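Please see the structure below; I have some questions.
The chains carry the letters A, B, C and D, assigned in the order they are written, with residues numbered from 1 in each.
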Amino acid sequence: MNDLLAVWLVARKDLLQEARSKAVTVATLFFSAVTLVVIAFAIGADTRLLREAAMGALWVALAFASVISAAQSYQADLEDGAFDALLTLPVPRSAVYLGKLLANWGFMFALGLVMLPVTLVLYGAEAGPHWPWLVPTIGLGTLGFALIAVLYAGLTANLRARESLLPVLMFPVVVPILLAAVRASGSLVGLADVELATGWLLLLGGFDLVYVVLCTAMYGYVVEE
Amino acid sequence: MTTNTNVRWDRPVWMKAWAALIVALFAVGAYLGLVWSPPDVNQGNLIRIMYAHVSVAWIGFVAVGLTAFFAALYLWRGKRRDDVLAVASAEMALLFSSLTIIGGMTYSRPTLNTFWTWDAKLTLTALMVALLVGYFIVRALVDDPVRRGRVSAVVAIVVAGSLPFNYLAAEWFRTLHPSRAIALDGSGVTMAPDMLSALLFNTVVAGLVYAWFMVDRVRLGRIEAQLEDARVAQEAVPSGKRGVVRV
Amino acid sequence: MEVEGYAASPTPRTGTDAPPAIELAGVQRRYGRHLVLRGIDLEVAPGRVVALHGVNGAGKTTLLRLLATRLRPSAGVARVFGHDLIRDGHLARTRLATVAVFGGAYGTLTARENLHLATALRGAPTDAIDPALARVGLARVGDHLVRTFSSGMRKRLALARLLLSRADLWLLDEPHAALDTDGQALVDALVAEARAAGTTVLMATHETTRSFDLADAVLLVDDGRLERVRRDDP
Amino acid sequence: MNDRYARRGMTGRRTLYSLLGVGVLSVAGFMIFQALSTSLVYFILPNEYAQDPGQYGERRIRLGGLVAPQSVVFDDRELQLTFLVTDGIREYPVRHTGAPPELFRENAGVVVEGRFVEGEVFHSDNLLIKHSEVYEAPEDGHIDIDALRESLQ
């Protein structure tokens, strides 16, 4: 399948660039850590409150990080008209989208897995016996963020005021992801009954599947001028 | 070259008649809601806010759905008319959902003792306003009309697709599952036949208002398009005038 | 290969049923409220080399980007080898290759990686990368990051990408710009080879004398319109 | 020449991907349907709490039941509402911060959100009235648990 190869080539290009420049890695790691600390300060010293807010803080940090990650990946593309040249190749736009999505998601997934223990330590929360389920939760949640971020970052890339526009457009759409991910991981670390996580995880999965189809199909309209 | 002489600036008579009909029906709807229908067992006369509030909210959601429908139609066949319809519907959705929020706040003050409650449906409506504002920001930032239509159509479809998820999440997050509680849309209220018919009547009136504005917007859009075409025609070089350059 | 007389006469082609390499009818393109292309009617037969002249802002780059399917026409019909650029953009892209003004390569990838990406995405064989690098004089710096390249080197890299593309329509935006004397001669040689191989070339350029030597026809883009310049004009 | 084949290939791929998209959307629809039918009703009745208080500890939970008659006290200066919530078997005192909603009255179905302090008093910060037209608390005080649970959902 040539199209799958194209997806992989675009994803590899984005990851290779990131491995060279480390711009996103540094920015998002630092940013998420700062967000976690600031939210912890804002909550105060109440240990119970901190424990209950842990997953909320983690997901807020990840939501902002996904904005940075997606915007930066287009920043690298736009220099010297490289993305423009890429789009004159006989590559389906959907493959370009899926490639960029794969790179962004892979990165965000890894970031989530790194930030999870950091959050648990900072907020004094315990992972509990169901912690392995946190991995798919982070996977589905970061995929939801990446889906919308990569589409909208491509849309805002050549608009005025793109830095502030992207979060304004993206966040209302990913509210269900944020709520579902916070609640699912909350019940997995023992803040609520663990069975409740199932419904939220199904909601996350449903969102991801719907938007994989929608965004892939519509990406061509976003990058064509 | 097109001239402006064939542009009809004024509203046709049937639209004026339609507007008059709406005013009359609105008066009837107000009578039905305020006087004719009985007070609620639990909420007393507060129930009367519901007739305006719920009918507006319903039409607001229908308007968002239709925005996405026209947007998809525009992406599919690229007729400027579909873009005009999508914007018109989005404008009405923004208006109706803002009214829903105001209505919801009026309703929740006496019933729930607070102006703002994180009730699922009210939260959803607030999100919908935020999503629609995003749609209009994007439209304002793109200059080229075709690109503006296409890009904002993508936004409209993403927005409409997120509403069911937003609804589900807001519902689960705040209230208890299928809530037959005093939901702010009155869905939990025992709906006596008289109440239901008053509500349906008011919904039809709100729907007629929506449809009237849509038709009027298309009329304006057509005038805009004619003027625009005339302007472009002045700049453009008519095809074939110089002959095809063959190499 | 001499097509001189044909290029000068407006009579329709005969004796072939192959669609024209480029076919534009009433093509307009606007940016915001302003028309940049005001109605272009052009037909280029396969195998021709055409030079586009015109002052800055006349619409040359817009025309080339439109043909490369990066800009949609606001009105009119545009085809490349019979493929409608709006409906069948993907098929048109399989036949064309571009050289953009700024080279269009990724700075954080090496020259070789850039060429591999472009060639593999096109589905063309990647084993010709080394000869291509050698041909454009970048063999020594093939594994350097493009970020460290001068603008002339980036142009050479874009030429290597063009060579690897195996496309039969070249869309070149100021191919000579930023290049040294050697590099400019290289462009001339590549275009001459392309013409010998039957490749269609459309290039925007300010190099008047070169284009009259290289091209079968010279066209002038003037304020969004197209005019023919006869070969014996200067 | 081979353009015609290319075009046919394109159409084939487009059909394949459309089918794939429809398939994925159906799976998504199924998942959402599953999510909807997953019971997310997660309030517990006083008697359920009484079975095993240790399991809930000081965790945030939702407690459902009826407002016991003659138990409502409202301090309108401190905005403290206290009442007993009952399922007919056990009852627990609830301290709610905030004014009682319009529809709050004796025998009303309520769900309160908060936590038990020292296993005795339920401290609530969110009070929801689960008005039900189906359920009426019987006069003799004997309550059908299933019917109560049903009416609160």
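FYI, contacts are C-beta pairs under 8 Å (C-beta built on N, C-alpha and C of every residue); 3 or more make two chains touch, one makes a residue touch a chain.
Since the model is a prediction, treat every value here as computed from it, not as a measurement.
Asks: Which chain is most remote from chain D in terms of Cα centres?
Replies: When every chain centre is compared against chain D, the largest gap points to C.
Asks: What chain lies closest to the overall centre, CA atoms only?
Replies: Taking the mean of all protein C-alpha atoms as reference, the closest chain is A.
Asks: Can you compute the centre-to-centre distance for chain C and chain D, using the mean CA position of each chain? Integer Å is fine.
Replies: 65
Asks: Using mean CA coordinates as chain centres, what's the chain A-chain B distance in Å?
Replies: 31
Asks: Centre to centre, by mean C-alpha position, how many angstrom separate chain B and chain C?
Replies: For chain B versus chain C, the centre distance works out to 47 Å.
Asks: Name the residues of chain C that each touch 2 or more other chains.
Replies: If we look for residues of chain C contacting two or more partner chains, we find 72, 90-91, 94.
Asks: Which chain D residues touch at least two other chains?
Replies: 32, 35, 40, 42
Asks: Which positions in chain A touch two or more other chains at once?
Replies: As it turns out, chain A has residues touching two or more other chains at 199-200, 203, 206, 210, 224-225.
Asks: Inside the complex, what are the residues of chain D that reach chain A?
Replies: It comes out as residues 13, 17, 21, 24-25, 27-29, 31-32, 34-35, 38, 40, 42, 58-61.
Asks: Can you tell me which positions in chain A touch chain D when the two form their complex?
Replies: Result: residues 3, 48, 52, 94, 190-193, 196, 198-200, 202-203, 205-206, 209-210, 212-213, 216-217 of chain A touch chain D.
Asks: Please give the residue numbers of chain C that touch chain A in the complex, ascending.
Replies: Result: residues 65, 68-72, 90-91, 93-94, 96-98, 100-109, 113, 117-118, 120-123, 145, 154, 158, 161 of chain C touch chain A.
Asks: For a test of understanding, state which residues of chain D touch chain B in their complex under the given definition.
Replies: Result: residues 32, 35-36, 39-43, 62, 98-103, 111, 128-133, 152-153 of chain D touch chain B.
Asks: In their complex, what parts of chain B are in touch with chain D?
Replies: 42-43, 46, 110-113, 164, 168, 172, 175-182, 188, 190
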